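Okay, so subunit A shows up in both of these, paired with subunit B first and subunit C after.
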Partner chain A sequence: MNKLWMEKRNIAVLIAPGLLFIIGMVLLPTAVALYLSFTNYDGVDYNLFNLSNYKEIFLHDSIFWDALRNSILLGIAFVVLQHPIAVLMAILTTHAGKWERPLRILIFIPSIISTFVTSQMWVSLLNVQFGLLNRMLTAVGLSSWKQDWLGNPDIAIYSIIFVAMWQGFGYAYLLYYAGIKGIPSELYEAAIVDGANKWRYGRSIILPLLMPVIRINFVLAIVAGFKQMETVFLMTGGGPSNSTQFLGTYLYSRAFRDGLFGYGNAISILFIVFCLVVTLIMNRLLKKDVGEF
Partner chain B sequence: MVASMFNAGVLRRTILVLGLLIIVVLQLFPLVWLVNFSLLKSGDFFGSDVLKWPNPFQWVNYKNAFTLGHVPAYLLNSAIVAAIVIVVTVIVSLMLSYVIARIQWKGNVVLSGLVMVCLIVPIYSTLLPNFFIFQKINLIDNYLSLILPNIAFLIPISVFIFIGFLQTTPRAIEEAAVIDGLSLLGIVFRIIMPISKPVIASVGVLAFLNTWNEFIMAITYISSDKYKTLPFSLIQFTGQYASNYGAQFAVMTLIALPSVVLYMLFTDQITNSLTAGAVKG
Partner chain C sequence: MKKHLNALALIMVIVLVVSACGNNNGNSNSSPSKASDPATTATTATTATTETPDSNKKVEFKFFSNNPDRTGGQGLAEQKLIDQYMSENQNVKITVETLSPDPQFQDKLKIYNASDNVPDVTMMWGQKRYLDPLVKNNALVTFTKEDFAGQGFIDAAFDSFTLDGKIYGIPKNTDFLVLFVNKKLLADNGLEPPKTQGDLFKITEKLKGTDIVPMALDGRDSWPLALLFDAVVARQSGGFDLYHKAIDRTGSFNNPDVVASAKTIQEMVKSGMFGEGFLNLDYGGARNLFGQGKAAMYLMGEWEMGISSDANFPEDVRNNMIVIPWPASDDGKGKTTDLLAWFGGGYSVAAKTENSAEAKKFAIWLFKKENWAKTVWQNGITFPAQNYDEFKTGKETQVQNDLTNILGSATIFSGANSQDLFSTSTAKSYLDAITEMMASKSTPENFAEKIDAIADKSYKEMNP
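So, the complex of A and B:
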């Protein structure tokens, strides 16, 4: 009996710190955000408690829906452009012999550098006056293509999407590379004995066996589109004229630029809800398991 | 016949490697440009050359970056925050995952569900409410305002990595330890911790990278100079010294370089920790 009590106390000791962090730093802030989202708190005080923030968002706030559209657009760009290239590069590098390791290391380098450095670097790269991109366009005789890549509201979002794909490419690549390396090499030998060439092996064996990894990475990519904040924050801060807002930057702009702290908290709550819903939907949609190996 | 087949194979591989190298060079070219221009005079930025040989090398940019960007002081603050986050995250997550992975009790369903939900909640959804809370309890502008949220949002992924490891570890040693009269805490810290070293390294690397690269909470919560972390070194050059392009590029290179060097040295460990969470799902 005494022993049993000791164990119960020990379980409590083991879970208490983790639970405290989760409750104090995730659940409590969420509850506070929910509370403040019903107010017109401006950083000092509030005198209303109603649903007006949510009403405003759902009925009148087109920037919020643009931010949501930008998030979805980025997620789709990850899935349609970044990931297929990453899968292809991952499969190809495994055939590069002694170059396999150097290539793998080099491809990942942009992803190991802090986002705040690479984002600021891209601000310079896309600079109108001295940026590398406009320089190169001049160098190849395409001066007329020169653009204010981050200052033009029609193209800024595509510049952001491109930079986000560049930053995350190494990571996407690495996950697929690790997935391919997890496939037992006996399968390769068996396939070659059965007369398959490398192309056939890649398409008929690697790709199907990679499906669980691809599935997880698609979920991660879509969610990453929703969670995007850091790159945009430094590159455009959501501008010009709110054309590159994402949920994260928009809640920041509303709270700290416009002083609408309650409103920002309502966006925070919807931010959480969307992330939860998207993850659940993606998991449901892609829940088709492939055999174990 | 055999020789020509061999040659065709070599040729194909050479073309493949060359093609991949071209892609990689294109991918890395912005970084080359960054390092190149970090050695130029600010006046040289407005030429038309794509790359330009520094004549002479402007090492003064690096000196300016160091002093104007307060690199040593901010680096130390980043290191303090990262060190505390790493140690606490590892210990707290290991304890929590041991209970979820090994002990049969009714609280586990709630506990693992909670961890799962926290894995999905975006860290910046807590930016505003935490700003509010930290102001009320006087934690704003303090190491703790960075340390606490960073740990909390690293716990879910760390717990998943630890659980994945514990599920592949046999229980025999622990059972022997129980018979020898070791308590639950003894098992976690004397048996599990030593055999988890590789996974602890993975979780540690992950915690380090996340904390080291975080800047939105830093610029939101921190305002006193004595608590500023490394991102502020760069931010100095987007505001106050915005026209000192050379030093701005130098500070970016300075911040990027240690990460790249560390990555080169510990490629396999870092690769393992980055893929541990996702591949297992």
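So, the complex of A and C:
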């Protein structure tokens, strides 16, 4: 049987559908994008083949770098704010007894509502004149704290980051929660017998055993920061004055709004390169084996 | 065993491949490109001959519109006429696809063009930057002025749809920038409709502390900001030559009048004229603000003339709406009779589709004066680019009459507005620069230099 599975022909046949799919849907389009990134393709034809798109991006395009900075900022916010809270919540809910189930549902609900709906909801909540947030601030006598949450170029990016974190919280939480649930209860019993309290158990047993999940989650979070598109597009469209531009929205705006498909392709190629590099670095940094259990 | 496994693997692969193909077929059948799929069209044609033997070939084509609301405004006019055409021509079936707001519509049209899939009849904007990519791709049918002889078109209306002497679209509206005013809201606060830009500041000052926004402005889409900029520059410099010359490079944006205009606009923002958060207020949001009586004025084009008959808004607001031109400058140099007016929207017909000829026939029919011009005027929807005098009923709304007067008394017309004159790839930078200036992210001087550089780049792109 083993010999059978090892036979190359069988392996080739079995992976062929997946491979074809990846080649056709991922690798081939990427190759086309790479080719077009050297052209001034405008959706109809092109007459140049050189490095001018990349030159423009690296030397003159400050919006691109702002977009990259925003993407990284979001990734960092995920890692430093969203995930520690998610881990903490996951650990806490496992100790919540009869509240465990309702809490779990409550925390996960935002993730199953469509991004479109939650984004529009936040746009209404953050509206300057009629938004709930500003009205609540006025009601409690803090009207000086009122802000133009999405219309002020200096603040809008933080509003976006907050909403994106809120939207992604459920999934981050769920992965950690499942990770914790996967830790056998014998370990808990053994730790209690050895005299550990709950805090010690959490710090010395759960966290280390959760490391593989955390690692995956971190990589996913950073990549999600890079890939952020729909929330921004729905909430501010990259504005005001490009202050909330992310790589995804900027790519869209250059390719489809300005009709510069060649330039858009160049951005997308850099996009892929950044994602690969970041994933590689993250994997190196977080590489650490965990004992089996 | 091995044999079995081999067979199993083979079956799995075949199943996967076949189901993938099946999906593809399903997709192409249900996709909107139905009409251009020769196989599908062929089948429809055969069924047509069996079902309606007396009529000619059954034709089906797509109408791509930027008006999702088919029960009011221009969407209603389009739908009424489409329905009428279908009932007059039983063999024709017109399906409607809509998408809004305009920038998204334009994005999708670019994709349709890039994939050679332009809908048979589509909403189109005049000016080179919209038309050029489609014309370059030979995607559009050409018209002649004779096609519309006797339909009362204003002669200049076709100019913006004309490229190298050929007409690629039919203009549908005479567009101009105006100020919708809720005169009761102003009167309640002891104010009158503004006559000069100085009055605007006075109104803003007086309304401070109330929760009324002086002027609703759609800042998120940024194109209305550019119209505001055009209007203020026109008042400052006493005409529309400044931006026309700056864009065709016989003049420059790096000009004291531009700097002064930018300063005025920044002061307007700082005074709170547009309310807080206008930079993230979208089209519908600004319209609602005014329609619900939360804003005293509303800066928009004449195409919103239906707002005074929009049943979604309180009667109290609708009955008190008037329309005035953008106020004059304080020094009297820029007059209200200088009107920012252009022929913006229209329709084009795709050249590469199966039913292109039928679609063209429909488009020409659509613009018979008793169809488009009469429908839009008598339903209070918009200003046609055709003469509509014979369709006046005497029952026009206050807003309609005000608009007629503004257009009738204008002595100088701007022609195209500034943003439409930029090349495709620079138009957004131009709009961004205006947004930045309004967000006080750049000084008036920097702003003038910046848009001058953009105008230079645009000129070089359009005249290689």
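Definition applied: the second predicted complex is superposed on the first by the 276 of 293 C-alpha atoms of A that agree within 3 Å, B and C clash if a C-alpha of one lies under 4 Å from a C-alpha of the other, contacts with A are read in each partner's own complex, and residues count from 1 in each chain.
The definition used in the following text is that contacts are C-beta pairs under 8 Å (C-beta built on N, C-alpha and C of every residue); 3 or more make two chains touch, one makes a residue touch a chain.
Remember, predicted model here, so these are calculated numbers, not experimental data.
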{"item": "Partner contacting more residues of subunit A (subunit B vs subunit C)", "value": "B"}
{"item": "Which of subunit B and subunit C A:Asp148 touches, first, second, both or neither", "value": "second"}
{"item": "First (subunit B), second (subunit C), both or neither touched by A:Asp42", "value": "second"}
{"item": "First (subunit B), second (subunit C), both or neither touched by A:Leu81", "value": "neither"}
{"item": "First, second, both or neither for A:Phe261, with subunit B first and subunit C second", "value": "both"}
{"item": "Touching partner for A:Leu28 - first (subunit B), second (subunit C), both, neither", "value": "first"}
{"item": "Which of subunit B and subunit C A:Asn242 touches, first, second, both or neither", "value": "second"}
{"item": "Partner chain in contact with A:Leu14 - subunit B first, subunit C second, else both or neither", "value": "both"}
{"item": "Contacts of A:Ile72 with subunit B and subunit C, given as first, second, both or neither", "value": "neither"}
{"item": "Touched partner set for A:Trp122, first subunit B, second subunit C, both or neither", "value": "first"}
{"item": "Overlapping contact positions on subunit A, where the subunit C interface meets the subunit B interface", "value": "10, 13-14, 17, 129, 256, 261"}
{"item": "Contacting residues of subunit C [partner subunit A, same complex]", "value": "1-2, 5-6, 9-10, 12-13, 16-17, 103, 106-107, 110-111, 113-114, 133, 136-137, 211, 213, 219-220, 222, 275-281, 289, 294, 424-425, 427-428, 432, 435-436, 439, 441"}
{"item": "Subunit A contact footprint on subunit B (complex, rising order)", "value": "13, 16-17, 20-21, 23-24, 27-31, 33-34, 45-46, 48-50, 91-93, 95-96, 98-99, 103, 105, 107, 111, 114-115, 117-118, 120-133, 148-149, 151-153, 155, 159, 183-185, 188, 209, 212-213, 215-216, 220, 230-231, 234, 238, 245, 248-249, 252, 255-256, 259-260, 263-264, 267, 270-271, 274-275, 278-279, 281"}
{"item": "Subunit A residues within the subunit B interface of the complex", "value": "6-7, 10-11, 13-15, 17-19, 21-22, 24-26, 28-30, 32-33, 36, 41, 89, 92-93, 95-97, 99, 103, 105-110, 112-118, 120-122, 124-125, 129-130, 132, 135-136, 138-139, 166, 169, 171, 174-175, 178-179, 182, 212-213, 216-217, 220, 223, 226-227, 229-230, 233, 248, 251-252, 255-256, 261, 264-265, 268-269, 271-272, 275-276, 279"}
{"item": "Complex contact set, residues of subunit A against subunit C", "value": "1, 4, 10, 13-14, 16-17, 42-45, 123, 127-129, 148, 150-153, 156, 236-237, 239-242, 253, 256-261"}
